[in-house]
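Below, each structure is written out as structure tokens.
Next come two complexes, and both contain subunit A; in the first it sits with subunit B, in the second with subunit C.
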Partner chain A sequence: MTESSLHIKELKAGYGGLGVLRDISLDVRESSVVALIGPNGHGKSTLLKCISGLVKPWSGEITFGGQSLVGLKPHQIVERGVHHIPQGDLIFPEMSVYDNLLMGAYLPEAYSQTPRRLEEVFSLLPTLKERQQQIGSTLSGGERRMLSIGRGLMGGGRLLMIDEPSLGLAPLVIDQIYEVITRLQKEGSTILIVEENASRIVGVAERVYLLDDGKLVWQGTPTELEASEGVLATYLGG
Partner chain B sequence: MDQVPSPLLDCRGVQKSFGAMVAVKDLSFTISKGEVLGIGGPNGAGKTTLFELISGLSPADKGEILFEGRRIESAPAHSICHLGIARVFQSNAAFDSLSAQHNVLIAAAYGSSSGRLPPLTFDPSIRRRAEWALDFVGYKKSLSVVVRNLPVLDRKLLMIASAIATEPKLLLMDEPVGGLNPEEIDQVMELVKRLIANGVTIMLIEHVMRFLVQLSTRLIIMHHGEKIFEGVPQSLARDDTVKRVYLGERMSKRLAAYSQGSAIQQ
Partner chain C sequence: MDTATQILVSGLTLGAMYAISTVSLSLVWGALNVLNMAQGALLTLGGYFAYAAVSALGFPPLLAVLITVALGGLVGLLMYLAVIRHMLDTEGFEVNVIIATVGIGTVIENAMLKIFGAYPIRQPIMWEGGFFIGRTHIPYNSVVIVLASVGLMLILAVVLTRTRMGRAIRAVSQNREAAQLMGVPDQLVYAQVLLVAGALSAASGIMLSTITTLSPTMGYDPMLKAFIICVIAGLGNIAGALYAAFILGVFEAVVQFVFGVRFAFPAMLLIVILALIWRPYGVFGRRKVSRL
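Now for the complex of A and B:
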């Protein structure tokens, strides 16, 4: 089965007794880019964590390629082709840049593609090539973020989830990351990103979902979002 | 007699290497009181390392750093803090298992005492200062919440509160708005403007150009540890090297439009 669309229906989740996601339903069509926006602390990262199995949903459905992901362990979800690049700079600090990248390709299928993917990642993020023998902990904050993204690209996932691809990166690098997102989508990957910046996703994302207080309060195209002053003013401060 | 007021901070030929990598290379610049000096540059250019050197967390290999005319390049971090330099860190640098209030109290105590360790009890004056700092940054969440559980904006506000609780003359801010959405960025921008109005001099590292360009009175762009640009924000988009190594086409266009008076978006 090669179908790679994501469907979420009436998803509820939270931490302890505290509800974070309240009845989330959304679809990401195969080979499309969808963006989640909204205030911080309102559930965007939790939603990604539910999909990758890091947070167990209270109720609701998550299906990818027609199969349910609910109840699977994170590594089983990775095996289904769902790859999650979390927020922050979660790298293996005592391993080299090169070894960190290889960790992104630990599944046999991805490992066999290592030389080609390494070349792609190095051409996208040349800094990582320059620093490939360096130990992870000696990288700067932005370089760690690049490494985390590079490692996520090594797996060749069919659904790639990136939590804030532009966080802490130089403007030029953000452009390059978005070029890759667009290229991967054209090559058939399905991509779900969290992005704070509406202007960044124009021309990239097919659809935007706005999450506020654990609920989807608005959806549309990025252009509609930019044009919709009411939405911008209410949720994103204009 | 010297008619020009001496700079608040004066870095002369500062250098720092990690093994074979020169992170900061023969860097010289000054900041006068009341300025906002923005620092930009590609990831790994040495920006945060520069803050390490100024705040004394990592000593410079070469060069001199003068704060109010005093040499500080070999001073320990707590002395530098007591002289009036505070820093807001790039990553989450709070005491995760302590409450919000306790975090700021420790900062206020560290900033005022002559010793390095926080006391077992906090004086009323320290409590008042912590309260003032939390109020100043507009922290609205519960004071007793354990910091680990705070969303990113509140953590950032808390880190700023901790820094200003030491009553700095110079505040080093390392990516204060990374990961915030536009509304939250505006909120922090207002806060920084109030700090400036309160007489705090600021050094600012940020990749969010809207923030960096609107707040800075002067900009330095670093690349491979060296200064490749120094000037007013309006001239940044005209510099070809900066465009090539840092900004890229898209942002250069936006900045050029901004210099001609349009609003800027990231």
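Now for the complex of A and C:
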């Protein structure tokens, strides 16, 4: 298996003249789950967008499996096995649920695996199976989120970046999603998740990075995070 | 009865021709947010290409049509590679690209004027003769136009809904960022869309030239009508464009017969005004379209 560790060094990025990320350095070891937490609007999504090529970094390095991702186009980054499940409902509104899922397996390598992956996604998110023929825009918010995640799983990426897997979903579904994350990690995927809810990542993530105002202010294991009440109180309000 | 048949046949023929041209316009708008003002010139180019292939180069008509459609695709692709590609993601793109395509259209039209002259020329490619339903004469040419148009639309529908390439085109039209995250190379999709649009325009141009005559400005009027149909259907809405094209084709034929030819265009504009008041996102539109 090709190496699938992610390394970020002194990354700076922003929109227009406004800096959002300031000197971010972080490492995601191969076959591990790393969580990125922190208050809203402090650059977590921007960091993922830098990695997937949607936002161009101002400076710094991003390497995946030893190769630099900086300057590549988003589709070239996906081809290297980095899959980004964005926040919100970036689904294809006028396509059926089924076609949305097929788009997740757009790359030839993933396309040949379509039947098997569809089965996996349907067993994980049975709602999607029931609603296969429904048009994306008619789904509820939670269903769109499920579709977005299901679509992301269709690609079989080596590094999966999930922006807020639990946002807008029922607790039971969140549990299922986290089960899948754990299973994927055991099967060898590397996973980077952005999470608001710090308690969710205990027992899942190997390492936690806390991002505040565009800077990494704390890192450690989830257990250490739970133990350090100061960090939780200061940045996450409890 | 005979009059009704006559109106229907002429309306459907117009509709078939508009449909292809409108779908081409709508496809480009949907995927790239480019309002292609060179559309009319592409129609003209298609008509003259086919004429030249038959009369100057001596190709058999069917071969000439195929070559013309292929060349139309090539011109569309060139438009993308030489001009549009360099403007993507620049400031003021949506307005600047309109001006750029007006420029391309002007160059093409004037090239046709220079090469073929200003006098109308009869298109040699057409199915002569016809048959009668009751006492109504139905030209074979109309039948061929309707069948070819429906055939092309069916092929397009299959490509867009059943193939990997077609799904990628729809994905980019609906959510460019999400499509990129699925690994779709957006630049390749844009190139494909312009190629398909160029080919469809050339086909529509040949049809047009068989029911009117060849002239350097012949594409102007159908382009305006394609815009009208797009506005009514909702820009970027391909299925809607298809329905609207046939409905408006028949509507135009009815108005021409009942009130006179000169009222057809104002009547269509009236419909646009009503559509913009009643459903500004298009009669068949589901979502809001961006405004320039």
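To be clear about the criterion, the second predicted complex is superposed on the first by the 237 of 238 C-alpha atoms of A that agree within 3 Å, B and C clash if a C-alpha of one lies under 4 Å from a C-alpha of the other, contacts with A are read in each partner's own complex, and residues count from 1 in each chain.
Heads up, the rule we're going with is that contacts are C-beta pairs under 8 Å (C-beta built on N, C-alpha and C of every residue); 3 or more make two chains touch, one makes a residue touch a chain.
None of the values given here were measured: they were computed from a predicted structure.
Chemist: Please indicate which partner A:L107 is in contact with in the superposed arrangement: first for subunit B, second for subunit C, both, or neither.
Modeler: Touch status of A:L107: second partner only.
Chemist: Given the touch rule stated above, what does A:E120 touch, subunit B (first), subunit C (second), both, or neither?
Modeler: neither
Chemist: Quick one: classify A:G141 as touching subunit B (first), subunit C (second), both or neither.
Modeler: Touch partner of A:G141: subunit B, not subunit C.
Chemist: Could you say whether A:G38 touches subunit B, subunit C, both of them, or neither, answering first, second, both or neither?
Modeler: A:G38 contacts subunit B only, not subunit C.
Chemist: What residues on subunit B touch subunit A, complex-wise?
Modeler: 18, 40-45, 47-49, 90-91, 151-154, 175, 178-184, 186-187, 207, 209, 245-251, 265-266
Chemist: Which stretch or stretches of subunit A touch subunit C in the complex?
Modeler: 52-54, 73-75, 78-79, 83-84, 86, 90-95, 99, 102-104, 106-107, 111, 137, 151, 155
Chemist: For subunit C, which residues count as touching subunit A in their complex?
Modeler: Of all residues in subunit C, those touching subunit A are 161, 164, 167-168, 170-171, 174-175, 177-186, 286-287.
Chemist: Can you list the subunit A residues touching subunit B in their complex?
Modeler: Counting only subunit A, the residues touching subunit B are 37-41, 87, 89, 127, 131, 138-143, 145-146, 164, 167-175, 196-200, 235-238.
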